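Provided herewith is a single structure, encoded as structure tokens, for subsequent inquiry.
By letter and in written order, the chains are A, B, C and D; residue numbering begins at 1 in each of them.
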Amino acid sequence: MDAQTVRVGILGASGYTGGELLRLLLRHPRVRVTLLTADRNAGKPIDSVFPHLGGYGLPLLTSIDKADWSEVDLVFCGLPHGTTQEIIAALPTHLKVVDLSADFRLADLETYATWYGHAHRAPALQREAIYGLTEFARPAIGNARLVANPGCYPTSAQLALIPLVEAAMIDADDIIIDAKSGVSGAGRAAKEGSLYTEVTEGINVYGIASHRHAPEIEQGLTAAAGRPIVVNFTPHLMPMSRGILSSIYVRMVGGATVDDVRQVLAKRFADEPFVRVLSNGAAPATRHVRGSNLCLMSVHADRLSGRAIVVSVIDNLVKGASGQAVQNMNVMCGFPEPLGLEQIALFP
Amino acid sequence: MDAQTVRVGILGASGYTGGELLRLLLRHPRVRVTLLTADRNAGKPIDSVFPHLGGYGLPLLTSIDKADWSEVDLVFCGLPHGTTQEIIAALPTHLKVVDLSADFRLADLETYATWYGHAHRAPALQREAIYGLTEFARPAIGNARLVANPGCYPTSAQLALIPLVEAAMIDADDIIIDAKSGVSGAGRAAKEGSLYTEVTEGINVYGIASHRHAPEIEQGLTAAAGRPIVVNFTPHLMPMSRGILSSIYVRMVGGATVDDVRQVLAKRFADEPFVRVLSNGAAPATRHVRGSNLCLMSVHADRLSGRAIVVSVIDNLVKGASGQAVQNMNVMCGFPEPLGLEQIALFP
Amino acid sequence: MDAQTVRVGILGASGYTGGELLRLLLRHPRVRVTLLTADRNAGKPIDSVFPHLGGYGLPLLTSIDKADWSEVDLVFCGLPHGTTQEIIAALPTHLKVVDLSADFRLADLETYATWYGHAHRAPALQREAIYGLTEFARPAIGNARLVANPGCYPTSAQLALIPLVEAAMIDADDIIIDAKSGVSGAGRAAKEGSLYTEVTEGINVYGIASHRHAPEIEQGLTAAAGRPIVVNFTPHLMPMSRGILSSIYVRMVGGATVDDVRQVLAKRFADEPFVRVLSNGAAPATRHVRGSNLCLMSVHADRLSGRAIVVSVIDNLVKGASGQAVQNMNVMCGFPEPLGLEQIALFP
Amino acid sequence: MDAQTVRVGILGASGYTGGELLRLLLRHPRVRVTLLTADRNAGKPIDSVFPHLGGYGLPLLTSIDKADWSEVDLVFCGLPHGTTQEIIAALPTHLKVVDLSADFRLADLETYATWYGHAHRAPALQREAIYGLTEFARPAIGNARLVANPGCYPTSAQLALIPLVEAAMIDADDIIIDAKSGVSGAGRAAKEGSLYTEVTEGINVYGIASHRHAPEIEQGLTAAAGRPIVVNFTPHLMPMSRGILSSIYVRMVGGATVDDVRQVLAKRFADEPFVRVLSNGAAPATRHVRGSNLCLMSVHADRLSGRAIVVSVIDNLVKGASGQAVQNMNVMCGFPEPLGLEQIALFP
């Protein structure tokens, strides 16, 4: 890899995480995009799938088996889970990889098999992969060849909870995560449940006690607690394209106060470029991070004594996917971490 | 009151609850609307404030002090809280009243003063008023002159929680109500926070531990438990005009199972025309009650052992306001309870 | 058919026009729904595809080849165009049919072949079918066995234009119809272009000079003018579930004024239950007809002298589809025309 | 003004154009923001009105009469029209000014008085002001002290129409502009008509033949034609925060074809960084310019022979307001024109 720029490929460029990667990478001063794959649209220009990305001189879409890997230093992989593991296993080993699928997020082979319904097909890689919650794994990410980019819900939840579990300020066995997500989290596949008419002007709960992001959150909290943790994770689908707001209900222990909880988070993230803990009284909204890589958090007293409420918001396509992927790329390549990620939220 | 029809007045006809009352009452076979007040728009036709209500022969808007009460048997009062209590106190006593404001919902004078910042100005009426959660107060409503129509959030939460607290199946000191509401709950007043541009494509939490619907919910649960109950009530504002979805997190006690919880609710509401408990596996969405007076509920196992999740949805303008008000009117007038309330949800 | 009630079947009950038919028919005092077909979902209850329609005692979904036609007097056909013509041709002849597809709307065989790319497969039926723009074809509809229910755009455009062309008040060769539609017009099929994320917060033009509703509008205006008419018809897709607003730009001829144009429309529709011409100065909005069978119109002066602007709004799923279909059923069955169609718009 | 950076003030920083200016200017490499005024919020930090703009080290909001003008080289003025003219007239003359209000857009004193209902209060400045449609006035803007930033609708319409009128390819007396706008065009003032509940899921026409952007468009076309031009301009309000799509219906003259029209536009804008003419068959959508300074255009054949349809889309807050204002600042300061304006559209 040349010291100045990195040549990047995107596998699965026609999905939303692919499009969002391009929005970010086209303005990244140290990146040149040299490969875009999209099997069903191979041979077409990018503006046939993303009109807003026309006019920037991007390469044609190609099929993955026609890719010229000699032109690529690092790939972002935005393919469906399940298929990703074999594709990544077959890539030339000179490539660094940031995988945005779920395939390498769970480190435990059995947990993976339980939640995904089959044995992992690239167990060696699974062991090698680094879970890329950037703020908590920089050194390992810096040395990694394969980074498993975290899920959107797990990013919003873990950023808030890991410091509190590590500090043993909350009862790790009584964590309730009520999360509200925009629709882009379901991807660009044409599904009845993602139709405008099915989503607008309403809200519904889904995947109760069975969403695959639960074990991912539990993996992070288990590591933080040093013992197995299970959580309530209840996702809701609501009419917005981007954004996740997690309302997290915790019971404080060991005499911790709401101010203590806020302090611990504020201290933990004081030097972080992308995490901000709001001052007492303020509460974040997803619209204030739309299009940006920020995570905003707040901490509130509960009417139930001894309890606190932690609110955490991100843009699921940026900090919850493509933005964090670029952040991880920056760490892997030794670039300044905020490079190419300084967009201010688009509001209104 | 003539045995066949009731002559109805609406105070505050230009607000959303007023408009929704008209949508329902214009198709109610036993109602004639004889009075509409709207002080700022007095003298104008209703279609100047609600174009969709033109053409139905409604009376002109008038100011409240010009109302001819001899033409009215029952009034719905959709005025701002705080001002309502004195207006109702001054009404002729032949009028039955369904008040949609918050003024008469809290029975305890001190609790009222604490949450609303001033002593109640009609304490005798406050004592007389019946809290109109129809499914739990029919006999009293049938004899009432003044019914305090419940708030939207409290309706969705109490319908689900009162039977469980009464059955002592859940720990009444560990109830978390994460509620998501549409924008019409904020009324039709022109406020920056309710602008399209401020609300669309986002979600935010508000009124944490300080929303005035918390003591209203607690009042109902306190009565059910026979001892003072405090709850977590955390409302969120999201982009939909109508609808509330409450995700309620409870801890089961006394050996109760998730199936037991579902059974108790199913049994309690088996004969109710407007409450439906979904079967195991199904979960409700606000869009499935849009425009209807239904409350849909479901019960789910939690990953945290011993815990259950209860989901309850209503249309905040119908079962959460004007629909329940008409339901109460039906009870007060001895009409069949579902009369005029049989609209099927509008979807998509 | 019994004098009191009609037994109705719906072919294609799992689509949006099917669901909307059910919303209306379940509250129609002279209808009993005895058959629902949905091939892919045969054997399931209706609430598996439309949760809001559960609890009303509807029959199970069945496949069309298992239908018991002896239980049915009249069918609504909400199947995809192209396949519909052969299905209807094979139905028992005792059935009256209201077809909501496009298959029988164009009376001219050649025009059909040109726009749909194949010869019609039931040409005899095509000749027999009555184009069901109710306000302009009552007697024929009353005697029809097969009614071709008009398209949504053509309903909104023709209601406004036919009287003006008939009165020879406008230049029929200079008509521009700029129409804006909600997403339900595209049906419930899972298509990328109908995803929430692709539609929300934007607008785009489509089908310019090539939309199949153009020849349908032209057919009506050609009949009104007595000579071949071609129009500009430019549809736009925008983020709303229901509604069409057509802004129609016309050049007045023969000395007609804007007031004359408004008068002609007002007179033409004075006795119509479902068409209202607004008075000078008012302009309609789609949200004021949401869920209702109304068409609202207004007429405005243009800054270009000699020109006028006619605005026409409907709910595409009601007056533009299922509502008009029920209206046609009422005419076919000799019921009062507004029966079951008196819903007031749902606003907000 | 120092050769490297310009010190910028924003008058009216708490409105949407103010917030959008900050989003752009905070990432502009040659700008330092030194003054923010907001009379009602004087003394507060910017994040009290725009939470997403906290954390970037911006100055406190101040009242305009406390501004220290010695710290400012150039001001953007985002104040309500009518009040702006006197405020700008009173500014120190060393300041360059880009005015985003309507106060200096109409060059003719009488036209201004007719449409705004009063004589202009700064007629000398009105004469001096340069109308800042950047692509058509660069040299004058480069020398201007006061630039009147064009309105949002006029930007989208004039970019498409001026070249065609100049080329005498279209009948300038038969231009119909059907425009659809997002809600942010109405500003951040709390008005009933801008409430979420009043706007979502609907569309309405407004200001027919009476919108103040009509004379602004006519002014540009009059100059292009060399004789007085009047146009049809019909704006619509629809549920999106940002974006304008103008569907423009024109009659070709002098033997021009649709391809000729497309060619003339393509040639005219070939070297422009912010205007793109799509190739035959493609049509733009507002969502493909959201957050970007681009104007996308397309040209289509009409079914009416001799007619063409031109579609033009912009983000009303960027190219239609704050983005074009920064573009004009770049020209006024001798900076490369695209500086700070290279954001790629945010989609989805």
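Everything that follows uses one rule, which is that contacts are C-beta pairs under 8 Å (C-beta built on N, C-alpha and C of every residue); 3 or more make two chains touch, one makes a residue touch a chain.
From a predicted model like this one, the values you see are computed outputs, not experimental measurements.
J.: Using the contact definition stated above, find the chains touching both chain B and chain D.
T.: A, C
J.: Could you tell me which chain lies farthest from chain C when each chain's centre is the average position of its Cα atoms?
T.: When every chain centre is compared against chain C, the largest gap points to A.
J.: Could you grab the centroid distance between chain C and chain D? Build each centroid from C-alpha atoms only and quote it in angstrom.
T.: 39
J.: Could you grab the centroid distance between chain B and chain C? Build each centroid from C-alpha atoms only and quote it in angstrom.
T.: Between these chains, centre-to-centre, one finds 36 Å.
J.: As a quick test, compute the distance in whole Å between the mean CA positions of chain A and chain C.
T.: Roughly 45 Å, centre to centre.
J.: Which positions in chain B are in touch with at least two other chains?
T.: Residues 16, 184, 197-198, 200-201, 239-242, 284-285, 287-288, 290, 348 of chain B touch two or more partner chains.
J.: Please name which positions on chain D make contact with chain C in the complex.
T.: For this pair, the touching residues of chain D are 173-174, 176, 178, 180, 182, 197-198, 200-206, 208-209, 214, 230-234, 236, 238-243, 245, 247, 249, 283-288, 290, 300-305, 307, 309, 311, 348.
J.: Write out the stretch or stretches of chain D touching chain A in their complex.
T.: Checking each residue of chain D against chain A gives 16, 19, 22-23, 26-27, 50-53, 55-56, 184, 200-201, 241-242, 276, 282, 284-285, 287-292, 342-348.
J.: Going by the contact rule at the top, pick out the chain C residues touching chain A in the complex.
T.: For this pair, the touching residues of chain C are 16, 183-184, 188, 190-192, 194-201, 239-241.
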